[in-house]
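In what follows, chain A forms one complex with chain B and a second complex with chain C.
And then the complex of A and B:
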């Protein structure tokens, strides 16, 4: 490259003695780039000298205070003479939810006030709170409003508020019979405990008693015994009624 | 030559004062028109216009007329499902299962009218939302109507403007009467991505007889070349089940408790506990006579 650049001016200036003068012209060729016009003018430096002159930051032009109203919508909120209109937030009305947090309990209470005003039935089945309540394994006798009784051993008590129910198991005509009774149903006239369980049962649901090994079979004997004793204690009248 | 105004269209000078030039010029078009005017002005409507034409079936008027029989007269309310319980009838001893719904600060938020929106409806809101969590646009809507920000907002269509309850009015539980029938509309419980057996009740495939790994999947998705070698649109397949709107119609209102905002309806309604239920007068029963109810609401508010 260098060589070619060096030879070019020789071709123009000294065409006849090309080969002999190559050494000499090559040396001259070294200074040739210095003779380029750009180097002498140095435009970069001159331009820089102009821009680097200190110019003070222009004073901010104050925002015009009086703007015709039709232009106000075009400028940002913060430049408008009046602050943006504040929204009026209305307070909420009184809350029914705050008043009645547990509506199911409210409904249950209002129902129980009608169905069980004395709270007797509630205490009879709330085995978690009242000690004298029915326990699983007890033998119960239920009398319904239409007159027919049902007795059996209590297999389970489901505490479900108004839908509280218990499951009785007995044997009628040598066939096992179970009946689930809603404790607060208006059809249930009375629930009596015929016989308490001898030992506290260690299960909440005595479904194992359906198996032949554990089946209690009929509880009619125990119930009739209880009725006889009861009639002896209370008097002849009720006994007469039972015999009929 | 520059265009000239015709004599009748020259505007009068404003020195006449407050008198509107329209009143002075007898029934002239006040729009200034320049240039060439058509000798045959275009007809106002390109359709056949005359007084005794039948109402077209595809117009909004016809649509409203068709809907008139099934649109309730009164707005509905937004309630929250609180759970299920039962009521014992003291006389018969019958147990009636019921769903407990609670109305919490149910208020009329806005109206939709025939003139502006094309139909009549009442926008009802319930609950309360902290203004911090409400967008500015919605806040403006609430504050413009003079109501507090609402948690739930729904629209209830009504037949005509007589059903538009004034904005801001509280709708209490006595909006419904005991013994009347309502429709309950809500989203059902979501079941997630369910297979065809659960979602559409398909029979599934055999336990054995050479079936492997596809005991609960659907069989064929469609016919072969004779049927176009494609799956027809609407083919029942596995997918998301539940969490879609469901309406339970003709639920009897068993009990109304204004103080606690409770409405007890017979039977069950769709959705989990705590979901939003919209109840409105049943469209398949005669509309209830509610003259007393509206009075009662007015006195209580």
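And then the complex of A and C:
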């Protein structure tokens, strides 16, 4: 740096002389521009500062080739005399997608195989595929493992694989009761169709039946009629049980 | 979802017909089946006998009384452990005294089975039907 600062005065003195001379050589025939350079020279001198000095880019120092072994670790890898270290490339983890394309469907299938081995319950509720399945508007009777029956009009069937459920509505002691039952629940012992709907319902969800205008009210007498007929046909003990 | 100002049907023969919830006890959320609440009797049943003072079916509570009650039916659906849902078309309760015994001697109307899990078996045995 010291050496460069010493050179400065020389550098500063040169440009103005050159600028004026070039003006003269270029435009000899024109007088008007001659007036202006005088105005320019003065500010140029005052504008000059130490930062405007030109410093040539220093020559790149060749990297020392003979570096003692113990310093090699401190310099970047690409400057080391030997070849750069190989990056360790890890293989990608094994793809889960390749192993099982659709895990949800697989789990559903395996669960259905456990909970519904005969496929009977599946056929009973899959109203899109099987014609003899439960339809909305049918009157169903569900018996649970603990012996409690529940019957009602089927308002909706939600087909959700293993979580398939249906909504029953009934009126007990003049109070509307709704129960949503999981079709494949191990608590559900049996599902019977007591009475099919007379006309095919044109809605998938019969929530309008909650309104007093469309409410079916109690289905108890229909269910008890059905049970009486059933016991008469089969001649079994199910008649003496109290039904609801 | 029974909370402040909810009107409930009272389904026992204590004499109250419609009560209003003023507090939910032991929880910071809306009450559901099996929860104890504090109610104000808003409407009482007129058995006809209560004006004459005949003690046979006289109302045990009067309009404006503040009592404890147990919710036995709720409009909001409840989930059972097996994933099934149960909901009723109205909110109903049964009046109880401070020690938890029902004030009425009879009940009319279906109640939820969840009462058994909440140690309200006495109410459940009074009910004509449970779901």
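Here is the rule we use: the second predicted complex is superposed on the first by the 139 of 244 C-alpha atoms of A that agree within 3 Å, B and C clash if a C-alpha of one lies under 4 Å from a C-alpha of the other, contacts with A are read in each partner's own complex, and residues count from 1 in each chain.
As a working rule, contacts are C-beta pairs under 8 Å (C-beta built on N, C-alpha and C of every residue); 3 or more make two chains touch, one makes a residue touch a chain.
Only a predicted model underlies this, so the values are computations on that prediction, with no experimental measurement involved.
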Partner chain in contact with A:150 - chain B first, chain C second, else both or neither: second
Contacts of A:204 with chain B and chain C, given as first, second, both or neither: neither
Contacts of A:176 with chain B and chain C, given as first, second, both or neither: second
Which of chain B and chain C A:106 touches, first, second, both or neither: first
Which superposed partner A:93 touches (first chain B, second chain C, both, neither): first
Touched partner set for A:232, first chain B, second chain C, both or neither: neither
Touched partner set for A:114, first chain B, second chain C, both or neither: first
First (chain B), second (chain C), both or neither touched by A:72: neither
Greater residue coverage of chain A in the superposed arrangement, chain B or chain C: B
Shared chain A surface residues [contacts with chain B and with chain C]: 163, 182, 185-187
Parts of chain B lying in touch with chain A, wherever the complex brings them together: 80, 82-83, 85-91, 93, 95, 98, 100, 102-105, 107, 127-128, 131, 136, 139-140, 142-143, 146-149, 170, 173, 255, 257, 259-262, 264
Touch list for chain A against partner chain B, complex: 87-97, 99-100, 103-104, 106-108, 110-111, 114-115, 145, 161-163, 182, 184-187
For the chain A and chain C complex, residues of the former touching the latter: 150, 163, 165, 172-182, 185-187, 210, 244
Complex contacts: residues of chain C adjacent to chain A: 73, 77, 82-90, 92, 108-110, 128-129, 131
